[in-house]
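Each of the two complexes below includes subunit A, the first together with subunit B, the second together with subunit C.
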Partner chain A sequence: MSSLPSAPPKPPLWRDTRVLRWAFQILVLAIVAGVIYWLYSNYQTNIAKSSIPTDLRFLDNPTSFTIPGNDLNQSQPVRDAFVQGFYNTLRVAIVGILLTTILGTLVGIARLSKNFMVRLVATSYVELIRNIPLLLLLTFMNLAVVLQTFPRIEDAWLPLDLFVVSNRGIAIPWFEGSGAILLAILATALVVTWLVVKIRGRVSDSTGKPARSLVWGGPTFIVLMIGGWVLLGYDWVLPFVDDRATSGGLRLDPSFFALLVTLVVYTSAHVAEIVRGSIQAVAKGQGEAADAIALSGGQKMRLVILPQAFRIAMPALGNQYLNLIKNSSLGATISYFELTQIAQITVGNGSPAVPAFTLTLLVYLMISLVTSVIVNIANRRLALVER
Partner chain B sequence: MTWMRRNLFRTVGDSLLTIVFGALALYVLWGLAQFVFVTGRWEIIQVNLKILLVGRFPEELLWLVTGSVMALAFWIAAAATSSLTTKETRPSLGIRIWHAVQRFGLLAATGLLLIALAGDVASVIIGGLILTSIVMGQLVGLLRRKIAALRTISSWIWHLLLAAAPLAMISATLLQASVDLWEGFLINFYIAIISIVLSFPLGVLLALGRRSALPIVRLISTSYIELIRGAPLFVLLLLAGVALEFFVPSTLAPDKIFRAVTVFTLFTAAYIAEIVRGGLQSIPRGQTEAGKALGLSTTKITSLVTLPQALRNVIPAQIGQFISLFKDTTLAGVALNVLDLLNVGTAITKQEDYLGQGLIYEALAFVALLFWVGSYVMSRESQRIEKRLGVGQR
Partner chain C sequence: MKKTVAIMAALAAVTLVVSGCAAAEEDTTSTETAATETATMETASSVLDSVKEAGVVKCGTRDALPGFAVLQEDGTHVGFDSDFCRAIAAAVLGDADAVEMVDLETADRFTALQSGAVDVLVRNTTWTASRDGGEAATFLHPNFYDGQGMMVSSDSGYANVSDMNGAVVCVAKGTTTEGNAALESSRLGLDWEVRSFDETDLILEAFLAGQCDGWSSDVSQLTGLRSAYPSGADALLILPEVFSKEPLAPAVLDGDTQWAQIVNWTILATIQAEEFGITSANVDTFASSEDVSIQRFLGLEIASDEGSAVLDPGLGLPADFAYQVVKQVGNYGEIFAAHLTPLGLERGVNSLWTDGGLMYAPPYR
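After this line comes the complex of A and B, so read on.
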């Protein structure tokens, strides 16, 4: 009977990897816990000394400040001010993300244009904006452009008689009627347009005729929007100057305008680089194949290159959207009443700083999480299914 | 002519685009030239140049700042020329000069502009000293390449020796001049440098933690990184501004700069961790497997095989992170009332002599120029390194 190799002798405790791994993890955990405990105990002793509250009860105190352009009154609780700040953050973020995507894509494509002049302008734009601090751009937009260069309301600029530009803000033509009706019409139009495009896709699939989604869907959307508007008896309202104020239209606060423009300009320069990189990353054969089946330049871009480029760009683009949302906190430096500004004011008015700012951070974290979930879903839907 | 036809006027639409964009470019250039040479009143910058650059830094200690800049210039020049790995073919002298102009022309022009604005002998001397230290650095680097005895010194020790000078100078400056006196461009620059140096080891540790096979370590690192990355830097700075003193013993009263450096370090570490993680993921599995086949321990595989390659591959991304940190230092100005370049820039327009004259364009243009030159030169260098490393091309 041949001797079976006996089990190797058990290593001593200090050389057993399993033991070592756990020992190391416990050590790390102990260090981290120790640091947190140290910070926490410092916090406790210091707070006890200064008798500052550490809970969220300050949310029920009266705000004792007002938000311009908002009917929040001073006796309402701080909580309401935070909610309003949250809305204002979302407002600038959503509009900003939409505009950034459009501008960034255009500049990104222009960076790769065959036309030297277009390329030059786009490249200068990107290289100029990307290498300047965002806060500097924002300060410039606010102090130099809006507050110093825009005229006083008495001699406001009236480009095309459609807009009113003054240092009290920008007014643009807007729909009459409430936002809810606008949303309802918009939603109907979107759904119907989506259906039309779907049907065109089916027709194209079964008959082989070109789908021409844009030719069908675009007019459908516009007709529905205008039709809905006219049927319900509403109208555009042009803004006009009415004795040291603007009436009609939609008035954008100077701070909102400055923040929005800065965020869009800054982020779109970064988005342009991502779009450019993604377009270059699309396999060369794709463009050549598009040429071979005689697609026009626009068709090649729209139908072949861009859909694939956006698949590549999606994760990086999502990061830029998150950056834009987080950067909107700089609105606090120019008195745009978003979340950070509200937190800063309430702290200035005597609310405890640590809970107030922690709450603010948590809200941003939540917005970030929701955004990354959306981006991840989009990413998964766009992702190439490999078999 | 052919070039123009091909690149500007290929079709009717193309020509239209050229005309529209050309007009736009000309308009902007014209406006810019008008502003720089005709309408701009640059006296405000000339008068306040010192405040913009170093704030109220004590006159008698300024040599420390000059010395630090010289040492840094020496170090960078020496490190750039002494690398042994590159064996480029040497192009003709003309082409080499052209390359040098492309690389350093902008920096040199900015230096000259600053000297012209200052318009005194001292600034010329300082400029000369910095230039000398660059040349010295290049000579030292060249010596390493030419002399066999120097070549045997390991890279680590060589670079440590070179870095010793700037580190010593910066520490001396920190010790000699109380940090409260650091203002202007100086503070932007130093907050960025100190924070990046401090955040680097933390970032590498976090990246290793996130890639670790140990669940607890992974969990801690991942939650730290994600928490920090989900938070706006500005709010973190505000929080540090009002609350940092609660988290340290009351004997340590943190000053503004300390707060800023703490936040920037903790914040940047999370981003560096993600960059390094990307680098680690780009290392092919075979490298680890080869290490295992050689019987190396996990620690040795990481420190000798994967990490060095990963760090080398992510140098461009690291520079990118440094640029964004450099730009973000302006946030400390507003959030913590640090008198940084941007804050000084807006403050000088409120001086008695210049109040209400609408000089904000001039002030911000100068501030923008300094940031732009710094960031642009760094990003160009990072592209050069990227090309030389051949990331994505192998």
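After this line comes the complex of A and C, so read on.
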């Protein structure tokens, strides 16, 4: 390399593209930082003029409101209300993401069905939902479905005597006892099941016999769960109507229900399109190869197409999950006590607006960033490793 | 690709650092700016100047509260609060119609005041310590003393608040009602579920559908809402208990004493006028009044042997502001009778002090 004849002369600094590139980027950075600082100092000046607090000390003031379905009381600080709001946001987000993935995948597959009716229904669903504003859908779900279709508490529906459905919420049977121990049982069952599946995989690899992970893993999980349940003396509690409310069981807030259903219905229409596109993006030869080794339709989808489709879909799915989390803030309009609602209420009850909303904003940012990290890890695990 | 990511990360880092530094310095800078602000504040112009310059008072109000402020089809606002907005315009500019009504959501009202979007807030706002301290609002003489009550449907079987064990109580979001309802529930051990909604319409829908057992708000508001209920006022019942103090007062931004005094004395003028028996109909007959108190109040020339004088107490208001307020809008009793009496509201604690109520104006001299 060193023996190359006469290297071209270096250009002067102001024409060196590498230097220019850096200089330009530093300039942009400086402008952005400057604008932000200017806005912030303006805010500081204006706020100081009207002596509005700018710190987070309001978090230690007592709350002056209550949260439905929660025993938060007025002796607790505003901080605790925010924590409850955070939990409620997480609750609707996690359940929503799980249900959205399942429904979205099913609809996405249905969009490609050979059956005309199935395809038509799936297509209509996607086209209808994707073209409606989310807030409108939520308002409709709350006013028309929860308030008007569900009965009053006096004439609540009692399907199988297991549930209580009224426009004050849906009560479902729930367990009695410590949730932490139940979680421990669940974790143990999951770990053992994972081990069994792993072992089956290894056996399959060495013998060439089918792994049948579901046949082995499913019962393992169920037996462990039931075993733990019975052994530790857990019991079901059935809900019943008690005067103007429900007692026993777990009550899903009507606004939780409306928000969850809306988010799932809305987001899964988008997820369905992603899944459909990803399935179509899987090389045609893969499906043909699966046909060639005589895999059934279900096996072909489950073992060949979907694993590759999800590899393609993952980044786009991550975006939809983020959308779902952020959209959960619309719950504030229908009195679901998530973060935004809590922020609005504490501001209405004397907390300073800008710090309270800044805090809320940062919490959403944090949730979204953590979700992104999880999606990125999943994406890296799934991505095709090129050597 | 990698480069873009790096740049984005660098940008984000810089933003965080900048805001972080600023936040860390917050305490020191805020005291510094506070010091410089007090210096500049003396020279800063009052809202009065900007109002005179604009020729219009921007009054924060609402659009659909029967009796207090209702937006009419022709674009005007009619109601008790709206009349006080008009009274302020009459006092400052001599023209009750020189007012721009700005409809505000409950949760936005203080932000609108802080940002200068409105000059004064007359929007049945309860005067509380936290709002005085934390919202940069200066509250003036209440124009209505209210209290929180409970409205239920007539066939619910509830006769008292204490009957409502385990009830769902619906309220408007961002108001003192949430806290009062929670407090009353724990005081009586009733275990209420308090749901809060953005708008009155949404509460009405939930109430009609039977999601709420009770609708809690200031009694004056409940009375107004009851009178406008779709299936008639008789379908609803306002329970006898009143479980909070709600002095509804106009508010202006902290730090402008002159403007605060102007709004305060406008409210007081309506009360004083009622005490003197001066109404919009008879105010002109007082032009020849010999009563020095009334002469002072209406800005008339007080003649004596040594000449004559007109009282200017230095509020920054024209000498005849009280005359304009009473002539163009009316005295307190007239405003009340025009908007609140038709709803079925009694004067009660809002009577003049001479009738055993709380409406009392300091002497105008």
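Everything below uses one rule, namely that the second predicted complex is superposed on the first by the 351 of 387 C-alpha atoms of A that agree within 3 Å, B and C clash if a C-alpha of one lies under 4 Å from a C-alpha of the other, contacts with A are read in each partner's own complex, and residues count from 1 in each chain.
The criterion applied here is as follows: a contact is a pair of C-beta atoms (placed from the backbone, for glycine too) under 8 Å apart; a residue touches a chain by one contact, two chains touch by 3 or more.
Treat the numbers as computed from the prediction; the structure is a model and nothing was measured.
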Partner chain in contact with A:A48 - subunit B first, subunit C second, else both or neither: second
First, second, both or neither for A:L365, with subunit B first and subunit C second: first
Touching partner for A:L143 - first (subunit B), second (subunit C), both, neither: both
Partner chain in contact with A:V32 - subunit B first, subunit C second, else both or neither: both
Touched partner set for A:R152, first subunit B, second subunit C, both or neither: second
Contacts of A:A353 with subunit B and subunit C, given as first, second, both or neither: both
Which superposed partner A:F240 touches (first subunit B, second subunit C, both, neither): neither
Touched partner set for A:Q344, first subunit B, second subunit C, both or neither: both
Partner chain(s) touched by A:F116 [first = subunit B, second = subunit C, both, neither]: first
Doubly contacted residues of subunit A, that is, touched by subunit B and again by subunit C: 25, 29, 32, 45, 49, 143, 148, 332-333, 344, 347, 353
In the complex, subunit A residues that touch subunit C: 25, 29, 32-33, 36-37, 40-41, 44-45, 48-55, 58, 61, 64-66, 68-69, 73-74, 143, 146-148, 152-154, 167-168, 242-245, 254-255, 332-335, 341, 344-345, 347-353
Contacting residues of subunit C [partner subunit A, same complex]: 7, 10-11, 14-15, 18-19, 22, 26-27, 29-30, 33-34, 37, 41, 106-107, 110-111, 114, 128, 130-131, 133-136, 165-168, 173-176, 178-179, 182-183, 185-186, 192-198, 202, 205-206, 209-211, 213, 253-255
Touching residues (chain side subunit A, partner subunit B) in the complex: 21, 24-26, 28-29, 32, 39, 42-43, 45-47, 49, 113-118, 120-121, 124, 127-128, 130-136, 139-140, 143-144, 148, 322, 326-327, 329-330, 332-333, 340, 343-344, 347, 353-354, 357-358, 360-361, 364-365, 368-369
Subunit A-touching residues of subunit B, taken from the complex the two chains share: 7-8, 10, 14, 17-18, 21-22, 24-25, 213-217, 220, 227, 229-236, 238-239, 242-243, 245-250, 323, 327-328, 330-331, 333-334, 342, 346, 358, 360-361, 364, 367-368, 371-372, 375-376, 379
